[in-house]
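As structure tokens, here come the structures.
Shared chain: chain A. Partners: chain B in the first complex, chain C in the second.
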Partner chain A sequence: MTVVASPPRPAPSVRTTRHWRWTQPAIVLLVGAVVLLVVRPGPFDLRVLTLVAAYAIAAVGFNVLVGFAGVVSIGNSLFLAAGGYAWAILAVPRGPLVALLAGVVVAVVIAVLAGLALLRLRAYYFAVGTLALGALGTVVMRNWTSVTNGDAGITGAGYLKLFGLTGVSSIFAAAVLLLAVFLYLQEALRTSPLGLAMIVGRFDPPVADALGVNVSRTRVAAFVLSAVSAAVGGALVAQLAGGAFPDQFSTTAAISLLVIPIIGGRGWRWAPVVGAIVVIAAPEYLRFLDEYRLAVYGVLVTLVALFLPGGIHQLVRGLVARVGRRRHG
Partner chain B sequence: MADRTTLDAQGLAVAFGALRAVDGVDLEVAEGQCVGVVGANGAGKSTLLNLLSGAVRPDAGTVTVVENGRSHRLDGAPGRARARLGIVRMFQTARLVPDLSARENVELGVPAPRGAWLEALGLPTSRRRAGARRRAAEDALARVGLADRAGMRAGELSLGQQRLVEMARSLASGARILLLDEPFSGLSRTAREVVASLVANLRDDGVGVLLVEHDLAQVRLLADRVVVLDAGRVLAAGPVEETLADPEVVRRYIGDIELEIGGGLDDARPSRPPVAAPTPVSAPPDLHADRTAVLEVRDLRVFYGAVPAVDRVELTVAAGDGLGIVGPNGAGKSTVLRGVAGLLTATGSVRLAGERLDGTATPHRFRHGLGFVPQTLTAVVDLSVEENLRLGWLAGSRAQSFAEAMERVGDLFGEIADRRKDPAGALSGGQRQMLAIARALVAGPRVVLLDEPTAGLAPVLVAPFADALARLRADGVAVVVVEHNLGLVRATCSTILGLRAGAPVWSGPTERFDGAAAHEVFLAATAPARTGPSLIEEEHLSS
Partner chain C sequence: MTQAAYFVVIGLGVGSVYALSGLGIVTLFAGSGLANFAQGDFMVLGALVAVNVVGAGFGYLPALATAVVVVAAAGLVLGGLFTLPMRHRRVDVDVVIIGTLGVATTMTTLSGIWFGRQPQRLDSPLAGAFIPIGDLQVPAHYALLLAGAALVFGAVHWFHRHTDVGLQLRAVASSVPAARDAGVRVGRMLVVAWTIAALVGGVAGVLVASVVPIAPEAALPLGVNGFAAAIIGGLASPAGAVVGGLLIGVAEALAGGYLNDTLRQAVAPVVLLAVLILRPGGLLGRTRTVRVA
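Up next, the complex of A and B:
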């Protein structure tokens, strides 16, 4: 250790950038419109993009859960399934609004009950508990044949028709619209007392307690929010697949959800979108590696854990800082 | 009484295993009142705060808050319930969320009105509330002088600034009762003044303040009453000056004096008023003007981050001299040693036998005649005593051969040399401390710095240890010792430097370090130095 003979220099004053809540949804809507109207991708590409948007929606809640509240769940495939099956069963007979809301309500009820029961457990045990929850969901999907039609699944689910579009284009538009809404809510939450309470509860539970924050209640709230966004994402996944099938909502889906915010950078407001692009789109374009997909996940997550604990956000922050320094000399 | 806000604790007790950390403490804080809680390390001060704030459940006793004429029993209530009643606690170290901006961290303290969770939906009505919250946070930041830092991430602020942000969070909370855990530790002098005036203002605005603090000068300045804790019990309580003059308190606070070696403070209680004029600090004792100084430290400031924990310390030691550095906990005694050894960032000059060492790396200083014995016993337990000593020799000047160095160890610390083949882990605590000193000695130092050498040493070993130090001095090695045991200091040192709150407050020959001087150093018995123009403008709040 060398000793400097002068007092340490004050840190350069870095101001956090102010976010306007509407910028992010506006960018998403704009990009969505450009893709749909200008780029006009082929059917495969559009499918992939729609799946990315659907998973990004589901990952918004997960970003809140992991990034704000600091709780890890491996069972959120159950909430995807709740949204997916509710859509597949109800959309045609009862209409899209009922189907969407029913999925959300079922997911919320499960999340409240499971959250109250499981969030007493410490971090890792909670994760294991949710893993069991997800496995339970798979068992129910496969065996409650009167409702889920077992392994065969439910087909003929229908989709949301918007702006006179048809087919995947319409699902894509719906996904982009919903994604914009959820990103708005994410930023509104982050700056609200509830969001701040979640964040302090993650960093320092004793301080949160001293500030009057009920940490377990904010954790349950985050868990419920993750269930809501997963249910909506699941409904879109079902529309895209034309139905609900057990394989769509397996543990692999839950792990994708977990990996998305971590790859993106936990708590970063772009993490759900950036993470979904990496986790969902990349393997689709690496189909020739088919059975190595999980290996790719594994390697990616390991690399991020080793070199980028802050996810892609860390990379972006580093680049922004470097550009800023160059600009200011 | 009925409509005053008070926090009242009766018979609070909690034990951790066999340790009765807090053992039957009664305490009352009323609005507009500042109650100081003082006591040695481990007296139970922080545990008491934990009990009052709800972080720890008491085994026995009651905590009651009277607010708006309503009385709330809070014995087992969680911290958040107390926080909602206006009992706000500030932690000893700044505990902010590093990723949030300073303003957002302060916003966390702003009480959330009913239905605040609706804001999470981003409805248009939330805008007004968010604006009000933001203004409250910015006002609070302005009161601690950090208005221009509101947008900075908390993790990028200096430690002192983080503490001020935490203070702002307490301000924004609308606290009725504020529990402060050493709010002045780690702050620069200017920041300390800011916090002191904030606390005084809060008290005058009707907030009840419980102030746990080591720096008795601040306690004298701010507190109306003081509670002295000792081993979990209330040793004394009452008006500040009277209580701090209580002979029992003086005895406990000034000395861990049970281990006296002939030279303890016979008269810990001053027979004359404890206002004896302290020796001017700027004039180092001229006792050994004829002997050349071997270690000369001028204008030493030692930094933790950007904050000088120690300010303008001067010391001079001649060959064979002993200098004792004394002072209350947190005065910066060990910090001085680490600054001299180059283990912490420091400014000022350090000369050893005329050679300038400041600005050089620690190993360089060790090779050039500086020895340092840290507080923790650091012998490598798997190596033998001789191997441990050889490590010390390798790091040193190697002016003499290892065999010669070992001979010297044999002369001074016979019992260590006798066990040279044994693993260091087999030595007793006292022998290990001697080994640590011997290891500094084989490096051939001219000066040895010792940090709390008797901490953790059984009382019976203190006298032989003092004897070993005397032999070291007789051998021509200068000794600088930071020590709580005043008896040891008086027995082994020729001059004494008293520190308080990072600044020298007394210096002179050991014979003149009497009861009054001890009062001045440990109890801040004279009025706290009202600093004029600050000496350290450039590093203040906005650094």
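Up next, the complex of A and C:
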């Protein structure tokens, strides 16, 4: 048997270098405060920004799942729905903490069961399995009328009141605070043994095995984390909409969630925020395209997936490298 | 008993459409390793083009021909697009999945704009004809569904077994590097695989539109059913996909007939998940050993 040099592996796009963990949360909080106190956007803009923050929270877990563990799920709308419906049902009678925790617990239970059952499969099979899971979730939402009230959904959900703010401003403040917390956790995870195990498992499964990393267990952990962040994001989406409805948590929502970290650049620490701005805010401001905006968005997603697999991060890195060369050369 | 037979016949008819959807997915998966989440959109495009051609006053066969040509053209374009980045470097699985999801979003939206969002039905050439089963009457179109699916499957099978291009496709399916070393133009074969998948989807869409009214949003459930059919057969076996599709069709018809519509909608996802959990290699497939490194 002859020895053939294996082709060079692409350099991992996920950096494991240490950042100061508070930089990102501090920037997010600062920008949030400036927006709320100085810029004072109109009601429509504030609503869009809040939705961006809510989806960014949900996407943090997805960034971990896709970027760190390298697993694609098309069923995370299920966890958004768990958070959203738990909030809509429990927030007013039982208080916000119970509602938020209930959603997270339901999402975690589903994620652990589904993860243990499906994550030993190869990538495609897992993606198709989660697609079926999401489709099943939609059927349940539409038909389990005693809990979800079917197609009509649940209204009168109430929202978190913070700092004496009311209405959308208060939801925005809550979303920014939670986003800062989740971004801190993302950075903490990246340099933790669990996070490093996920990244090794993604880029080199045999090496991970040799290092004693249980790849399928780290994948389940990443899936559970994505469920937690999606449930919290879903609770915020429900607050913003004033209730939980099946259409909010359809497969389209799962696709948006999947597209956010990819557009941003898988595993990049800013991917959830940058991706959410592009995926959630851009269609709102593309309304001049009218009914074609979803088509344009789909084309954009396809082109990024095929020709810019590193997402916006790739552009940023290219730009930074070019500026650096000019300065030194 | 006649009622059960009635549901089975209906189920086989609808199942043959799922079988074709699964056949399209399997063809592309075997040829290029891609999971195509836009397969349902090929079916919708075919169905809606045919509805509009018939609406313009032409017959069923010209409608079928137009639909097939339009969908094949779409498959050709998409095949070319998806082959471009694969020429020089290996593309990540997750990225390609997202690419096909983007295609699905675009096609669903465009179909909605061009053809309207309402479910539309295509008049069957056999409208008014019935097959008696006991004292129940099955529309003759269900027989046409089965015959059409058998014809398409036979044609795809013949193409793979008895043409030079089919041989090259099978070479790519079994090993891309080996096929390339033997002189197969792998990129072109990927385009061919996309086109076949689109063709199969287009025919299936035209066939099903006479039994189930088709709206652009139906693409996703049709695709999920196709995936369920493909996965039951092991994702790489065309015959397995056909068997899987028929099974799901019959299961859906029985669930819808004896239980209720909610359970009917849940059949395909539940079957898919059950097979993935219990027999990941497919009900008919062999469990393949995975080579590490």
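Heads up, the rule we're going with is that the second predicted complex is superposed on the first by the 304 of 329 C-alpha atoms of A that agree within 3 Å, B and C clash if a C-alpha of one lies under 4 Å from a C-alpha of the other, contacts with A are read in each partner's own complex, and residues count from 1 in each chain.
The working rule: contacts are C-beta pairs under 8 Å (C-beta built on N, C-alpha and C of every residue); 3 or more make two chains touch, one makes a residue touch a chain.
Nothing here was measured: the structure is a model prediction, and the numbers come from that model.
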item: Touching partner for A:G195 - first (chain B), second (chain C), both, neither; value: first
item: Touched partner set for A:Y184, first chain B, second chain C, both or neither; value: first
item: A:N143 touches, of chain B and chain C: first, second, both or neither?; value: second
item: Touching partner for A:A295 - first (chain B), second (chain C), both, neither; value: second
item: Touching partner for A:P206 - first (chain B), second (chain C), both, neither; value: both
item: Partner chain in contact with A:L37 - chain B first, chain C second, else both or neither; value: neither
item: Partner chain in contact with A:G70 - chain B first, chain C second, else both or neither; value: second
item: Overlapping contact positions on chain A, where the chain C interface meets the chain B interface; value: 10, 206, 209
item: Touching residues (chain side chain A, partner chain C) in the complex; value: 10, 66, 70-72, 74, 117-118, 120-125, 127-129, 131-133, 135-136, 139, 143, 205-206, 209, 251-252, 255, 258-259, 262, 266, 291-292, 294-295, 297-307, 309
item: Chain A-facing residues of chain C, complex; value: 29, 35, 37, 81-82, 84-85, 89, 91-107, 109-110, 112-113, 220-221, 224, 227-228, 231, 235, 262, 265-266, 268-270, 272-273, 276-277, 280, 290, 292-293
item: Touching residues on chain A, where the partner in the complex is chain B; value: 1-8, 10-11, 13-16, 18, 21, 184-185, 187-189, 191-197, 199-200, 203-204, 206-214, 221, 267
item: Parts of chain B lying in touch with chain A, wherever the complex brings them together; value: 53-55, 78-80, 83-84, 88-89, 91, 95, 97-101, 104, 107-109, 111-112, 116-117, 119-122, 126, 130, 133, 149, 151-153, 156-158, 169, 173, 301, 303, 305-306, 308, 342-343, 345-347, 358-362, 538-539, 542-543
